[in-house]
Amino acid sequence: MLAATAAAAARRLIEAGRALAARGWLPAGSGNLSAVVGRDPLRLLVSRSGADKGHLTDEDLVLVDGEGRPVDGGARPSDETALHLAVVATHGARAGAVLHTHSVWATLLSDLAAPDGELVLEGYELLKGLAGVTTHGHAERVPVLENSQDYAALGARVAAALAARPQAHGLLLRRHGLYAWGQVVDAARRHLEALETLFEVEGRRRQLPAR
Amino acid sequence: MLAATAAAAARRLIEAGRALAARGWLPAGSGNLSAVVGRDPLRLLVSRSGADKGHLTDEDLVLVDGEGRPVDGGARPSDETALHLAVVATHGARAGAVLHTHSVWATLLSDLAAPDGELVLEGYELLKGLAGVTTHGHAERVPVLENSQDYAALGARVAAALAARPQAHGLLLRRHGLYAWGQVVDAARRHLEALETLFEVEGRRRQLPAR
Amino acid sequence: MLAATAAAAARRLIEAGRALAARGWLPAGSGNLSAVVGRDPLRLLVSRSGADKGHLTDEDLVLVDGEGRPVDGGARPSDETALHLAVVATHGARAGAVLHTHSVWATLLSDLAAPDGELVLEGYELLKGLAGVTTHGHAERVPVLENSQDYAALGARVAAALAARPQAHGLLLRRHGLYAWGQVVDAARRHLEALETLFEVEGRRRQLPAR
Amino acid sequence: MLAATAAAAARRLIEAGRALAARGWLPAGSGNLSAVVGRDPLRLLVSRSGADKGHLTDEDLVLVDGEGRPVDGGARPSDETALHLAVVATHGARAGAVLHTHSVWATLLSDLAAPDGELVLEGYELLKGLAGVTTHGHAERVPVLENSQDYAALGARVAAALAARPQAHGLLLRRHGLYAWGQVVDAARRHLEALETLFEVEGRRRQLPAR
């Protein structure tokens, strides 16, 4: 049963990696992708360190436990597995899959918004692409955290930020990129695409000369 | 006869969805597409709620009547069917197909132009891609309406705006996106592509520093 | 012999149309393409009015004489055939093929540069993609003409502008687009791609805030 | 053994050319690609002058010696072979492959940064895509040299600039483009993609109005 769930999740992650790479959101082999395939005990299928995310194969996906240790040995999971685990542990069923991208606009906007600690997206119809949002009047508050190479400590900060924002669909790391999640891989893709598109709108808006 | 017309329209809508998604104009599953397949009584083939518009199948297209009710039961039509119906009812044979996109530039320009109630595109050769326009001297006045989640009320506002502009080829909803139409699906696609391209030109122009 | 030359030119034009459309430079069915297939008397193979330039077939290409009249009857040639003829007549063997695009940057730059009557591209290595240019120190002076729907009169203005600039590789029509040419179709494509790329560089440079 | 190494390198260069052209980074036939296939004596496989880098074949790749002379006669190597040789001679095993692109952002940024003699990229997670970089705190100092058509003299300047920066992964020529390198072709591609992406981030940042 775990094997069948994992095989189905792997197909969706491979397809998501292909689509996100085609958008230019996973440059230079960056980014990583994961899906929960068991909750008790926690089992997460996550892309391995160094894989080409645009051309993932089954061998590039590693099954890890709740501490990020490979269950069956084999390839080394992504260094950022701790951040994926922080998201899926904090958000429960709302985060059955986590996708992480390094797009140009996420990189730039995360830096501009970092002093505020959040990027607020409000008044856009496209926000309705986020699960549970039913009106463009919604204000999506995307937390923005300072980046770090200490992933254990950063994972704790991610968990704290998300615990304080139980309705969030994504999180930005400064000059680093976007984490987005959803109940399943395709929902996470939809959330990621809505957020990335609105980052581009907001970024282009900020390039308008002041009046 | 309705069946043959509907099958042909379905093929063109599926191809249009694929092409518009490839341009990035239908992010996160947004947007919707329709074609009139009968006028007496009115029969509209419209994408169902939640479909992946880049990979539409026949099952994703629902036949509805003039009130937006599915004729044969089955899938739920797009929530914005009322807006499609407002366009095809007001513009008659000029609107045999309606395409709705959520591009970055349409989202941004609709917001900038909303205080004026319209976006004026003038002096561009590409305007000749719009049916009935024979000179770049043409001024295309694209109405811009405030967005709303009350689609029945919004449909009435759309109908009123279009009744006042019988020559329009498209309409913007603020921070939401573009509706464009034409006699047939391919004409609607041409109009949409001309308008989206000119939105990008106008948007980039506004990013120039003031002199 | 004419037939073999025409068949070879048709293959190159069809491939050029596909490639230019994929770049988004032929929006809404705009643009047109031609190749000289005989010089004495002049025979020009030109895309027909209304063709989908991204998916040209042999039937979309019309053979016309030096006055733009179809030699074998059949489809109506592009309305802008007079401009293609003005280029090939003025520039002789340097213009064995002419490609015309409606890109976003050509549309915007042609407008900004129109008051100067020319757009000067200078100091770029990519200029060496233009036939006869051997150093980045070259200054390519692209004439910019006011647009017109009187194609006969505009053709005469194009011929006069090019007679005054016998080394030009392209010409802009204001808020309309770019004409580029070369000895053969592939050379015209190379020139067009070099010019369009440099238009984008110049356009983005102008978006930088003044210092 | 040289033949097998060369055949494997050719496959990777052909694939790299296809991918870089698809990104629009090799406009108008510009750019060139090379891989070291022997060190004692030096043997470099380099794209021939005038080849279509998006559709390279084995015949488009020439084997040259340490002076840039074709080992087996045949096609003329790229005019910029001297620059490739300067990189591989100065950086040794760190530069087993060299890729050169002419992107819009590299062209623009190289011009803006030229007065400083370098472009500094700092604080970006994506820098970890560069070999040997383990933290976003890294500052990548990309040398920017004035362009020249005297490739022998320019090669000497490139060698001097790289000798002074033994940790560099890329080099910009003003209004010309980027050279990037890595131990093997795929590493050079990863470095090039990381640098090009960060050029776009930096370029868009500079378009923000001053506050």
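The chains carry the letters A, B, C and D, assigned in the order they are written, with residues numbered from 1 in each.
By our rule, contacts are C-beta pairs under 8 Å (C-beta built on N, C-alpha and C of every residue); 3 or more make two chains touch, one makes a residue touch a chain.
Only a predicted model underlies this, so the values are computations on that prediction, with no experimental measurement involved.
Student: Interface overlap for chain C and chain D, more than half of numbers shared or less than half: same or different?
Tutor: different
Student: When the centre of a chain is set as the mean of its C-alpha atoms, what distance in Å lies between chain C and chain D?
Tutor: Centres of chain C and chain D (C-alpha means) sit 32 Å apart.
Student: What whole-number Å value describes the gap between the mean CA coordinates of chain A and chain C?
Tutor: About 45 Å, centre to centre.
Student: Indicate the residues of chain B shared as contacts by at least two other chains.
Tutor: Residues 207-209 of chain B touch two or more partner chains.
Student: So how do the chains connect up here, line, ring, star, complete, or something else (other)?
Tutor: ring
Student: On the basis of the stated criterion, which chains touch which? Give every pair.
Tutor: A-B, A-D, B-C, C-D
Student: Would you pull the chain D residues touching chain A in the complex into a rising list?
Tutor: 23, 123-126, 128-129, 134-137, 190-191, 193-194, 196-197, 200-201, 204-205, 207-209
Student: Under the definition above, what is the set of chain A residues touching chain D in their complex?
Tutor: Where chain A meets chain D, its residues are 24, 27-30, 102, 104-105, 107-108, 111-112, 147, 149, 173, 175-177, 203, 206-210.
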